[in-house]
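Just below is one structure, and these are the notes that go with it.
Letters A, B, C and D name the chains as they come in the text, with residue numbers starting at 1 for each one.
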Amino acid sequence: MRPDLSVNIAGIRLKNPVLAASGTFGYGTEYADLVDINRLGGLVTKAITLEPREGSPPPRTVETAAGMLNAIGLANVGVDAFIKEKMPLLHKFNTAVIVNVAGSTIAEYVEVVRRLDGCQGIDGLEINISCPNVKQGGFLFGSDPQTAAKVIGETRKVTSLPLIAKLTPNVTDIVSIARATEEAGADAISLINTLLGMTINVETKRPKLANVTGGLSGPAIKPVALVMVWKVAGAVKVPVVGIGGILSGKDALEFLLTGASVVQVGTGNFVDPQCMMKIIHGLEQYCQEKGIAKISEIVGTLEVEK
Amino acid sequence: MSVVQKQGKILSNLEVAPSIFLLNLGLPQVAETAQPGQFVHLRIGPLSDPLLRRPFSIHRTKPEEAKVSILYQVVGRGTKLLSQRCSGEKLDCLGPLGRGFAIPKVAGQFILVAGGIGIAPLIFLAETLLRKMGNGKWEVEKEKRKKMEVVFLMGAASTEYILPESELLSWGAAVEVATDDGSKGHRGPVTDLLTRQMDRSVASCHIFACGPEGMLKEVAQIAGQQKIPCQICLEQRMACGVGACLGCVVKTRSGYRRVCVDGPVFPAGEVIFE
Amino acid sequence: MRPDLSVNIAGIRLKNPVLAASGTFGYGTEYADLVDINRLGGLVTKAITLEPREGSPPPRTVETAAGMLNAIGLANVGVDAFIKEKMPLLHKFNTAVIVNVAGSTIAEYVEVVRRLDGCQGIDGLEINISCPNVKQGGFLFGSDPQTAAKVIGETRKVTSLPLIAKLTPNVTDIVSIARATEEAGADAISLINTLLGMTINVETKRPKLANVTGGLSGPAIKPVALVMVWKVAGAVKVPVVGIGGILSGKDALEFLLTGASVVQVGTGNFVDPQCMMKIIHGLEQYCQEKGIAKISEIVGTLEVEK
Amino acid sequence: MSVVQKQGKILSNLEVAPSIFLLNLGLPQVAETAQPGQFVHLRIGPLSDPLLRRPFSIHRTKPEEAKVSILYQVVGRGTKLLSQRCSGEKLDCLGPLGRGFAIPKVAGQFILVAGGIGIAPLIFLAETLLRKMGNGKWEVEKEKRKKMEVVFLMGAASTEYILPESELLSWGAAVEVATDDGSKGHRGPVTDLLTRQMDRSVASCHIFACGPEGMLKEVAQIAGQQKIPCQICLEQRMACGVGACLGCVVKTRSGYRRVCVDGPVFPAGEVIFE
């Protein structure tokens, strides 16, 4: 018997709990030669802002030990071009489409959400209050429960689409921020976005990224992501989306057991475009081996002695 | 001409000059469809260090042997590890990626300018141009035909880095060499050869260049002054290689463009050098 | 000409800027067969508490991608046994000895510092307000500027030894905590301690560490450590001690350029006991190649375009 | 008998049973001074994944050939990578580490109980005991001498994992085998053989055991009931291997003790099994 991998999260029905993470899968079509998009649980777009943005100067990425830093800087086509040019292509795929939203002001978030609200084919919005690469790009919004709640509360008012709050790990108390966004009306909570990091070229005495600092992703951050998922999943009622260093079925299972209802794969796509396909297969196999009929049964079943 | 992800078998991986390796991979689909200037994105090892793939130009293809060649220089951890991989092992390859050189519709004099390891994609280009000429695929008036020519200007640190000269000659290219230390050919930068070539240049002339950024900047300048069409092959740090991460941008007159899908070959006049 | 690697930090004179980090070099003697301790800039002991502590149950360590998690739990012999049994051995080495101090209450910190104050051979104290593995073990003290300042201020009163505040990276705003400890009398600031993390065995459905969570160290965290050193070094006047994922001379140089006056090596010692010797050699070589007469010249000379 | 860090040359690294490898290393100092039950701590590769060293018991030494052997099972990433390292390459080794088996002052019947890959250190021990007996190094009254004996109880999943039996026999040990699937010897756990052996056991008898935790627990119980001195060789996840990180502790009657320096061999009665 084939296990049932489908899940419902924040009112969105997904074929399976594996989604492509924002910023790592473009606008969906870039990987179309290599990945059967229709087999994915869903995909999250690159962050969309009100106006088009050029992004940071290069170099924008650099490898670190078991990870990478990026400072893309919210480069995107802007919400109107997104709706006109990108959404029609995305809509053709038979998979959930979640649009990642960023802004420099609360008003900008609200306006982007308002424009996306009417757009056909969008299954949900992920509100990025966690981008570390733009000073006015969300990082500050996600560092404090009040502001985080404000962004979610205001965007909540202008859309009936499922809202997912995406949190930054660069905080003292992730739980208070998660709770604040839940109370403000988030239907789910995604974590983690990248950790702030930097690296230096000792020959030139300059930072390797033109932007000086960037966001750390990849296997290096998996332990940090897991502990945050564990804490937040134990503290909120809405579902949690686990993100950070997931490259294998085993990695995904760690997040599901720890309390994430679904997972997103970011850097893993760069390392191996087959990554998400292998993860879906790995989950299926695990369920089969353990006699699990439905993947959602294992969510949060981590056994912790007390 | 779609991109594939395949396990390429290492047919050989040998040091052909100090710290320069020639890697032959069994990759039928890539060998079949690749164009000069395109590249492959290789996963060096299965563990999470090094994590990201590494991009390498396609140096040669032999579709009839399902073979793709890479010419690479050991410059860091990834290329070091790659140089230790053995025949018979497999490498996870993405390719062919990127937009290669645009082959001009009308023939003429093709000047290829290679700096250091920048020679890698230009051999594939030279071979393609020369084969096309041999086939008479270009329709040119008779009197112009004698002016069709591939001139290969090759710059390197010293003589031991000048690799496929005899092969190029045998294909019918004109080859000139410059070395930093004067151990072979002209002593000085390869752009000296280009400047000299400009004096002899003919009407329908095209420049194609690959090499370090400083060299490309100068080539672009020379071509600009002479109003000669020029294509340059760029490098940038890459994560995805397929246009999804927006990581590999270069500044152009039409804003930041992605080297991996909008390039790696760009019209020289488009690129804004810092 | 041999470059001068010596540095003065917080009134302590060090032969060179390379120290062994707390908890990774035992009480100094464990590595004596393998490392010429007298060549080190200095060493920091395992955290010392008032009473002896057994520490956490095993497993206490687990490898992660380019890093490791530890949950040792402040296992130590207690301050009195440390003074009686361990210090006499440490005192024999011709290197700076810094004692790492931890406690469950401010009163405990104060009492440990008071007892260490009289002890011969101690060059400085590192006040660990950052251990993530014991609920009452410092983590909370380091998460908030007021409490951090309180610990430093109170311990400052009972000793004239140089005091180094060791900070946790698991905070929203490291600069505010660094500044608070500086104002409270810290002579230097060490960062970073470990990031909080966890990892799961998907077969047993249990955390791999008995303590559930642990502290992440090693190359994986280097980018995070660097950015915190950069921020803090730019914001305080006291010297900064750079820690986190340093395994090579190049790594150490990244920290020095970014603003650390000295560095500590932790996990690197496990990977390669020769690590610190190689780093010292690497610094020497770099200075020679670049014609740098004194290592301290390069501290904070990172070139950042603005 | 101090610990050294040396680059050991890989003399050979061969699969001797399914997923079990025998690694021979050129390590003169370690070969010279190692005692049975001690271990080496190996760095598998130069990159940061895998990061930490991996501990392996010393399986044999040949000081005259400067050789140290390791018998290891591929169970994860580190051991997989180790199995791919080739002859001629070097491995960074720390050793010899830990407190090995305490060889009793008075001879008698030595019962060695190995479960699975736990056989690795016991071969070194058997060889050492038998050599010492052969040398007549133990001063025993004549009538006791005939009772001196090494009994090697070997447990494994199935027959192909039973490796050095003939060699043990040739040295003069008594060997008994138990397999999980009954493909050789007794069908069942090796502890069955120990229980049986207890009925025939003689006055001055010692047990030495290495294997999975469940087996060691049972061996400790049997030894405790019979009041026979018993030493067991434990495993724990290790970071430093030299006593500095306090990571590798095991619960004992005198609190947590470090497996790497207080062990890996402990008196069975000391250890508190969960």
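The rule we apply is simple: contacts are C-beta pairs under 8 Å (C-beta built on N, C-alpha and C of every residue); 3 or more make two chains touch, one makes a residue touch a chain.
In this text the structure is predicted, and so the values were computed from the model without any measurement.
Looking at C-alpha means, what's the farthest chain from subunit C?
B
Indicate the whole-number Å distance between the mean C-alpha point of subunit A and the mean C-alpha point of subunit B.
Distance between chain centres: 37 Å.
Report the inter-centroid distance (CA atoms only) between subunit B and subunit C in whole Å.
It comes to 48 Å between the two C-alpha centres.
With centres defined as the mean C-alpha position, give me the subunit A-subunit C separation in Å.
34
Where does subunit A touch two or more other chains at once, residue-wise?
In subunit A, 65-67, 218-220 touch at least two other chains.
Which residues of subunit B are in contact with two or more other chains?
48-50
Are the chains arranged, by touching, as a line, ring, star, complete graph, or other?
Drawn as a graph, the chains make a fully connected set, so complete.
Using the touch definition up top, name the residues of subunit D that touch subunit C in the complex.
The contact residues of subunit D facing subunit C are 2-5, 43, 48-53, 92, 94, 236-251, 255-256, 261.
Any idea which subunit C residues touch subunit B in the complex?
Subunit C reaches subunit B through residues 65-66, 219.
Show me the residue ranges of subunit C that touch subunit D in the complex, using the header's touch definition.
23-26, 30-31, 33-34, 46, 54-55, 57-63, 65-68, 70, 72, 75, 218-220, 247, 267, 269-274
Which residues of subunit C touch subunit A in the complex?
64-67, 69, 143-144, 170-173, 195-200, 202, 204-207, 210, 212-214, 216, 218-224, 226-227, 230, 245, 250, 253-254, 257-258, 286, 301-304
Residues of subunit B touching subunit D in their complex?
47-50, 77, 81
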